[in-house]
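Shared between the two complexes below is chain A, which has chain B as its partner in the first and chain C in the second.
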Partner chain A sequence: MSGAEIARYVAKRLLFSCVAIVAISVVVFALIHLTPGDPEHAVGIASPQNATPAFFHQLRQHFGLDKPITTQLLTFFANASHLDFGLSYRTNQSALSLVVARMGVTGPLFLLSAGVALVCGIAMAGAAAFRRGDAVDRGSQNAAIFMLSAPAFAVGTILLYCFAVSLGWFPVLGEGTGVMDRFWHLALPSITLGLTGVAVIFKNLRSHLLTILEQDYVTFARSRGFSRATLLRGFVLRNALVTLITTTSVMLVGFISTSVIVEITFGLDGVGSLLADSILHEDIPVVQAITFLLALFIVGLNLVTDLLYFAVDPRIRAEEARA
Partner chain B sequence: MVGQFNRPQGVRTALKQTNLTRREFTARGGALALAGLVPGVLSACGSGSKVGDSLEMFVSELPLQLTGQRQLISGAGSILIALEPLVTVDDKGTIVPNLAQSFEVVDRHTLVFHVRQGVRFWDGTLLTPDDVAFSLDMHRTDSSSILQRWWYLAESVKRQGEDRVVVKLTQPYAGFLYVVAQTPIVQMAYAKRHGQSVGTPATLNMGTGAWRFKSFNPDHSVELVANDKYWGEKPQYRRIITRMAADASTAALAIKTGEMTGNLMVPVAAAATYEKLGGVHVDRRKSLEVCVITMNTGYAPWNDLHVRRAVQHAVNREACVQGALGGHGQSELSIVSEQALRAVMPTDQVDALLREITPQIAFDLDRAKAELAKSAFPKGFDVGTVIDNEPEIITTLQLIAADLRKIGINLTIKQAPSSVYENQYGSRQYSLGSYTVHPDTGDPLANVIGSAFDKAGVTKTGNGPNSANYTTPQLQRLLERLRATPPEDRAKRGELCAELVRFNASQALYIGVWSPQAILAIDDRYRYPSYTELWWQTRWPTYITKG
Partner chain C sequence: MSFDRSVGASGAPDAVVAVAPPRLLRRTGRVSVVSVLSSLVLLAVAVCCIAPGLVEPHDPGQIDVTARFASPSAAHVAGTDSLGQDVFSRVIDGTRAAVGGPLVIAFGAIVIATLLGVLMGYHRGWLDLVLGRAVDILWALPGLLIVIVMIGVIGGGYWAAVAVLTVLFVPEPLRLVRAATIEQTVKPYIEATRMLELRTARVLLRHLLPNLYPVLVANFFLSFTYGISGLASLSFLGLGDGPGSTNWGRMLSENRTDVFTNPWGALAPALAIVLVAVAANLLGGALYERLASQGRAR
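== the complex of A and B ==
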């Protein structure tokens, strides 16, 4: 497949991605406005005794909520086209900059968690596949079921109690400042979030590895006396890369929802906790900015996944070229 | 082979027994050594738990902007230590001069403040009466300011002469000084220069306090550092952080490990978690906050006094205290807590008043049935209530609903997000309501002096400040007389308050249910003896002591 063909393929995917992002934004906009209740009632009020109708009226005017819904939608798209999602109803800050600032926590959390999930997941799946049916395999499968079914907040609290309170190795709270401090603060949250990914990678990879291990070329390589490590690196994992890439991309999308719980449990100031707060308080500009960026992330992830298929599997390249 | 002779016997045996190669042995040994080293390194990385110059407190509310215009009640606690008010509340609850050198209540409509000379903002410029007048007038004129719920009572705020600021009230309110005590004073030039962006993380604000803002993350934390040029007593702590309490158990663990100093507003449901941890000191205080049941008298069946009285008798307060608060509170008979009554009236008068109203209020299902039988709805009716995410109130409503069912009233409870709750509260569909009412000015009688009985709080929709939607000329006169009575005139204030409490009981307007304890959890090496639920109105860090 030539460079021009890949460029055309990417352009086609990008076009579809733009349509998807616009559609997602419209749906989110509509859903927020269809939700019962008014945003001005969620802004800074403690009880019915604390605010007057004049207070709510001024807020509606201030946020432009008194305008027709179509005007609001058109204004949203006009502004969103140059990445202006307006000011947060609650904090009066630019919604986009608020989200981007939080990416400084959620980004590293995702990367570290993905690292934990990939290293542990591949190691467990490899060990289980090579020792099919024995104690290692059974133990790994049980561990994966535990990781998949244990709620993230419970795992997080147990890790906090063991490693932060009892042993004092890690901090309980916050995201830290500076690279090393942040790494240290994100260690337990990353393990908590990563464990959910370990199970996903293990489950998908193990079954695929078992299929590969039964292939003739693996039997032949074994008969030539290659070590297990060489077999895994050179023959098995290489052929399992497409599955690994697909599973990793699914896992990263899954991290979005689980990260909300992890961030709340560990008191992290990330995008997940911001999204939860913003939905709860109907902070429409922030919700729009986050969903837009999340849509961008998912669409981008799918694109990268597709391109990686090309890179790692010559059969896909050939098929696409034929098509 | 030569190497083997040099190895210790144990290693040789280990290699032999496990069939390890030399490389594998080295790798596994290295891994074991690393595993042993990691805990030590990580522990060394930790900040440790030492009593230091920093005070890091969990709070339940934070400001949305550092201006005083947008925060819930206790959210002001992070603002008022930086943007100081003219007068402040000391640890005994008394109003004392602060940025005002002195103040005078000239007549029932006029307050005069003499601005302290020589006070400088953090940028070195002098505080002027113009800054003060600007700061106060901002809340009087901006209807989106949360403080306008009190500042609407002011007719004008004017500078007079070189050092005086005069506040004129449209109607007498002797407790207005409490409002001034929660109104931050800011630099006029800074506010005008930055306009709408002032008070946001990029443009914090400019005040005169002992601590100045260093960083602000709305909904998350406020960081303040000591102002070494402070005009008053030098700050005891170099750094103060107020932070929203995360997950309850995480917050408790953070105090136990010394990462945080304490939690200024522990939810009653989480009190036991802190007590079990050890190393955390837990203080409980009676509070002025009251959970009330309201009924919108603008709609049937609540326009029928007998129906309201039936509900009043069907509330099992003791069961609610146990069920909803786990016993961490006390039952209440009115919208004014017993604690508040004791703050403004002599003990014997409070006891007599409570004895007098108890028969009209006490839990008695037979009397509830009898009252309902006298009403236009003798067989009962269906009614709804809406509530947001407040577990204690939800449990309370469930307990009350169970008893109401026994007399024929079917109460449907709908849980909804805050925006829906605020919007639909008191509507025809959800005409029974419930919430906790706070003394939001610091005046113990704020719960009654506020808008709960005021005709200005009556609305068509029923979700206004007067949730009962009830007003009469007689009630309005009584309210205005109470507002006009200065706190120093305890006898008259007590008498008027008692009259209002009696009226409320006889008309069954706001049914008091319980008052939760105000709970402080603090690192065992610190103490906060004067802690109350109104900590946010005081210069609270100065009352927290180390050691």
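== the complex of A and C ==
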């Protein structure tokens, strides 16, 4: 595998990402026209104080609303390319700065939830696969069904009541001040969001681990008397890594939707709750900013996933070289 | 036993009928506790949907400000909310909205997925390629977020959400139906139908489709579960039914602020959603295993 081939693969993926971003931009652009009534009407709903001629003038200017639709689209592309989404209908601030300010809550929430999901998911899948068919396996499968089907806001509310209201172990709402306090406030939300991920990781990893454990080379390694730990490290986990990477990326995409619900359930001022608020108040520039940035996140995530496959699995490298 | 219609080339129908009764008996003996409990929950749900008036101890809309935030008691099993309305009756009243839409979603998604999946898997070619790509793209998107943004920005309420969720739930069963169809197409009984020069529609409907039942049933329940969760989440965000409705998500979000005075106002709808969604998913899984092992036993 030469350097040129790696470069070709990366270039191919990057090109695909660019096409995806352009396609998504068109959809995000359309949001302003999909709102019932014209933008002035939406501003009136978002914030009556902002419904002034001066605000309308900058609005028409920024989006080029008086020009033909193709020019409007090009204006949107130009603005989006340097992440300028205009002023929020509600607060008169730049939409981007509002979103960026909320990332300090959503970022740590995603990281902690992913940590919870990966640790619990891998442990459960490993235990279930090695003890296929017995009580541990069946129990964790039913637990996964529970985590997959119960909606996050219901689970969050039940956890909130049990551990924060009744037992008082955790704070009830908000995100707290100082590092430890913030961490403490994020504990229950991260568990709620993480549980949805545990199910995803468990389901995919368990079935893949089972196929790996049935492979001849694993049977052979077992018959050579390797310990369970060596078996796991040397033969099983490395092969399971590709599945783990895919599932983690699927899980993170799922987190985007569920974090909206979780942030509202626990009263966190994150990107998700800002999105829900902005939608309810028809604050379209903020909705556009968030959907565009989330789309960038998803495209970036897919790019990283593809490149990680490449780094992790020599079989995929070989396949690409042949293609 | 609807499965035997697909026997066709592989066995004489008479023999199957002869062994059916003892096998059926043996099978009913192996019902797990989990399946029984799930079925009971869903049966209760059905009763609440068809005749909510029979089960509700109070009128769900009856406002009584003198009895606000009552704790659970014999008169009010789950207490009352901020308007003095009986929480338990309101949860029962909300069952129809909680499972009606999801039933439509699950049915719609499975029908669309079956039609397209069987055609894709049986004929392959350009249709398979084009639809396959479309499904890949839909698959990679955060479905619920799209519904939140679409319903929130464009509007349309409950039934618009049902329509969008139906489309978004097609990819998962579609992939599985397509894969199952491809798996069946290479089997001898399909080859036999080719030799007999049967019409394609007859082959697909009478011979291939019955073999897909396990996949279809399992995915019906799965889509139903996700539908419950998705629709309830939307109404929790205030994007489904209007304020004051008995929709479980809406009830929960409205009663959440009173969690210190009567926690049951929020806990009852939360538990109801979890119970129904988990029961449907567990029963779907159990039915799948049963139908799939039935297919294998033949």
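In this text, the second predicted complex is superposed on the first by the 275 of 323 C-alpha atoms of A that agree within 3 Å, B and C clash if a C-alpha of one lies under 4 Å from a C-alpha of the other, contacts with A are read in each partner's own complex, and residues count from 1 in each chain.
Basically, contacts are C-beta pairs under 8 Å (C-beta built on N, C-alpha and C of every residue); 3 or more make two chains touch, one makes a residue touch a chain.
These numbers come from a predicted model, not from an experiment.
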Counting only touches as set out at the top, which of chain B and chain C does A:171 meet: first, second, both, neither? first
Looking at the overlay, does A:264 come into contact with chain B only (first), chain C only (second), both, or neither? both
Does chain B (first) or chain C (second) touch A:223, or do both, or does neither? neither
In the superposed arrangement, which partner chain does A:62 touch: chain B (first), chain C (second), both, or neither? first
Applying the document's definition of touch, where does A:287 land relative to chain B and chain C: first, second, both, or neither? second
So, does A:145 touch the first partner chain B, the second partner chain C, both, or neither? second
Could you look at A:93 and tell me whether it touches chain B, chain C, both or neither (first, second, both, neither)? first
On the A-aligned overlay, A:155 touches which partner chain: chain B = first, chain C = second, or both, or neither? second
So, does A:38 touch the first partner chain B, the second partner chain C, both, or neither? first
Which residues of chain A are in contact with chain B in one complex and with chain C in the other? 35-36, 153, 157, 160-161, 165, 264-265, 280, 282
Within the complex, which stretch of chain A touches chain C? 31, 34-36, 142, 145-146, 148-155, 157-158, 160-161, 165, 253-254, 256-258, 260-261, 264-265, 275-276, 279-280, 282, 284, 287, 291, 294, 298, 302
Quick one: which bits of chain B touch chain A in the complex? Just the residue numbers, please. 38-39, 42-43, 45-47, 64-65, 70-73, 143-144, 146, 148-149, 152, 196-197, 199-202, 217-221, 243, 246-247, 249-251, 253-254, 256-257, 259-260, 416-426, 433, 435-438, 440, 450-452, 457, 459, 463-465, 467
Contact footprint of chain A on chain C as seen in their complex: 34, 140-145, 148-149, 152-155, 225-226, 228-230, 232-233, 236-239, 249, 252-253, 256, 259-260, 263, 266-267, 269-271, 273-274, 277-278, 280-282, 285
Chain B contact footprint on chain A (complex, rising order): 35-39, 41-55, 57-59, 62, 88, 90-93, 153, 157, 160-161, 164-165, 167-174, 184, 264-267, 269, 277, 280-282
